[in-house]
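Per-chain numbering from 1; labels A, B, C and D assigned in written order.
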């Protein structure tokens, strides 16, 4: 009876947030127990956008399966494709040309910036400020145009293929990226003026959604969310792939462990990504953009695991191969899934408004969680 | 720590495991029995300290199931892959979600899609599918005539 | 001491709020910064590589380059392409395989470009068209080879 | 020169000459009622249009520009759409209260219209306790919001309504206290007296720093009382989807929407009247020539101009700031605004006693 009324025996309200809710950014369904305005329990219900990508991939060839991953974390679709390509290349023991490596890394970092820009706007919207969303989209549009010109799509690229990249760079690529860098550098102060420095924003995020380093590791929180708690988990530093071991960049960590720390990690990470692109953009070597591969790829028997750092954290692609043309089993270790599992710990004890700030700074992308 | 050193270390501490050859990370195979104490050792031993479970995968091998744990230590920076072999008819293994809390969701996912029951899990329900769903979609013998996945 | 802190907080609050208002005020008064595109009137200029849909180019004499080898059909992850072949007798009296219909189902296509990459004779390309909305989903199933079209001379 | 005052007196003279006394009053009442409702409709449409344009330009967009010249008829088209929509009543709702609530909010908003002076001698009812009346009636709106939230049988609505009640009751205090500062200075509760006391300069200018502080507190309180961002916790679309009006649709929703804008207009009109001199032109001490030029601008334009300026200010807040959390909202009131306005009131009283304000 009490369940029917949406309350429990302690007089708490049980509320369904989602699957259609403005701040769940998709079809996440949270059942939250509220005591007044205070959150007592958060229970995620998943599966509203589960497409069974892992099962589908079992019937797709090694060239085909990576395009589906663009639809996982659609904001860093490039990096997802990259992870798949890396896993396949690991299996084939393929050396990819230097030019392709440069292109991949530059595009990865552009994707990371674009993703963080969107996150910034969406977070501000979660907290009730609409205007930042439009400012962030203005700059993101420039990245999208670069992507469109070189990769042929704006969101779901499928540009990185096993062995290299699909096409060569567009002739205007370097020029456009430099214009973007200059433009974004002159605009990033607006981000700080409008949101970072704003006293209301700081009050809304400081001390909210706290998680300690030990818990962050235990929950497997990676990416900016984990680094906000001081967990050094940047795959680019720990297990460098492609060119990352030759690049000079800083692994951003903050000790705060709260929503504001996670926010600052992302803001500072955008600057580091720009720094990486600047190191590479003038030095792209000439040469092939794709290694010679057979028309039909066959991976040897065994299992292959590749890890990359997406905009949300560590993405793992685990391929179990039986030696055929299709994977026997594929597992995607998606960053959002592990980050979400910590949500209950982060949100309990806070107010309802804090839950939105917490979810916003975890940067959840629901198709990434559901896969 | 390199794979060789890690292998020696584990053999010294917890002897009697079968290691796989030629893998990127040190991989060991074991049966479901005695997995929990072994996992506890991995987590708590001062010289191993595997505190970060970054992937948990269930694989259907038709003859048996296996659960693959990818573990790493954020302190010592070594990685270990543990493959636990499970029975075909009654795939069950003890939960590790009290050791690594991230396993809570990953185990629910494995239960939901592969039908592996993790004994001792506090909240082992379906995660993605409805509670009354029949069958485990990621199993190789699963067929759903309505929602065809194969082309 | 307490009062000093109190007033400091008040001052910081007000100044941080005014900074934000200055920025939005700037954009309010500078209408040249507006980035709105009036869509149906001004069409966006898309990049050459933009993938909108698969098309099969035909030349002036209604000839295409498709040999009907079904490489694209095999490469497609979604079953978007279906090729129906027929046997044609060419000028020398030999039997030759040729396409009858090249069925392309736009509603299944994810624009992944794998079919174009797989094509050995460059018969299909991606076009820039992006305005695909129709009132009847049957219109999304297209036949790419034009009626009465032939394979180009010299394409094997 | 055109002025609303002349128009009123012409109509009145004509009515009194053609009709007998009680009938003349009846006709006047009907005319005033029709005018008030028409004003509401027009104000609502114009303010929604203004908000959308202001928001758009701050967000580097164009805003409505398709329906009519510069999109002027966009809001009319929206209203038409809302009128044609089905008015749903959720299952399990308290039907009577559910349907009554939007009208309560609307009526509360309408009542405050009475003592507002739109121009010189153009006022529906110059009640002797004008300011007190405004303060009293403006808190009635919260009953409508509570009704809406409770009767919807929806937890989001209920939460929104509870938040709104806590918020309006709290901010009523500092709004009242800051108005009281001017009442002390002008020595009257009557709106026309307050305006006339500003003939030689608006209170915000001749009242020195205390009145400026009172003005800032008042603007913040008005923003909070009208449930506008950054204090829009009652609606808080990212937390409560739409707060107290989640379940409303069609014309009933439109009434809530309209009432929000009317409340902004009224809040800003009161602010303009009390702090910025209402319809009183901008006068500086004894600069006769300058004051004469200022007098040439119709008094209604002065009033509208000041009010629109304040409305723009409130819109500017909305499109710049993130939302506060519910406990921070109450902290702001009880820890900052209330102590400040109380101390401020003391200073103002001292000022009034010593006669420093002239």
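Note that a residue touches a chain if its C-beta (ideal position, glycine included) is under 8 Å from a C-beta of that chain, and two chains touch if they have at least 3 such contacts.
Keep in mind that what you see is a predicted model, and the values were worked out from it rather than measured.
Novice: Could you name all chains that are in contact with chain A and with chain D at the same time?
Specialist: For chain A paired with chain D, the chains in contact with each are C, in label order.
Novice: Fewest touch steps from chain A to chain C?
Specialist: 1
Novice: In terms of C-beta pairs in contact, which of C-D and A-B ranks higher?
Specialist: If we tally the contacting C-beta pairs, A-B comes out ahead.
Novice: Based on CA centres, what chain would you say lies at the far end from chain A?
Specialist: Result for the farthest chain: D.
Novice: Give, as an integer number of Å, the spacing between the C-alpha centres of chain D and chain B.
Specialist: 63
Novice: If you average the Cα atoms of chain B and of chain C to get two centres, how far apart are those centres in Å?
Specialist: 41
Novice: List the centre-to-centre spacing of chain C and chain D in whole Å, with centres computed as mean CA coordinates.
Specialist: 51
Novice: When the centre of a chain is set as the mean of its C-alpha atoms, what distance in Å lies between chain A and chain B?
Specialist: 25
Novice: Using the touch definition from the top, which residues of chain D touch two or more other chains?
Specialist: In chain D, 58-61, 319-321 touch at least two other chains.
Novice: Check each residue of chain B and list the ones that touch at least two other chains.
Specialist: Chain B, residues with two or more chain partners: 151.
Novice: Do you know which chain C residues sit against two or more other chains?
Specialist: 17, 20, 23-24, 35
Novice: Within their complex, state which residues of chain B touch chain A.
Specialist: Going by the criterion above, the answer is residues 22-25, 51-55, 57, 59-60, 68, 70, 74, 77, 100-102, 104-106, 109, 113, 127-130, 137-138, 149-151.
Novice: Residues of chain C touching chain A in their complex?
Specialist: Touch list, chain C to chain A: 12-13, 16-17, 19-20, 22-24, 35, 46-51, 75, 77, 110-114, 117, 126.
Novice: Contact residues on chain A for chain D in the complex?
Specialist: Against chain D, chain A makes touches at 6, 13, 15, 21-23, 34, 37, 124-131, 133-135, 138, 194-195, 198, 200-201, 203-204, 351-356.
Novice: Over in the complex, which chain D residues touch chain C? Could you list them?
Specialist: 54, 57-62, 65, 316-317, 319-321, 336
Novice: Provide the residue numbers of chain A that touch chain C in the complex, in ascending order.
Specialist: So the residues of chain A in touch with chain C come to 60, 63-65, 67-68, 131, 138, 141, 145, 148-153, 156, 158, 161, 166-167, 170, 190, 193-195, 197-200.
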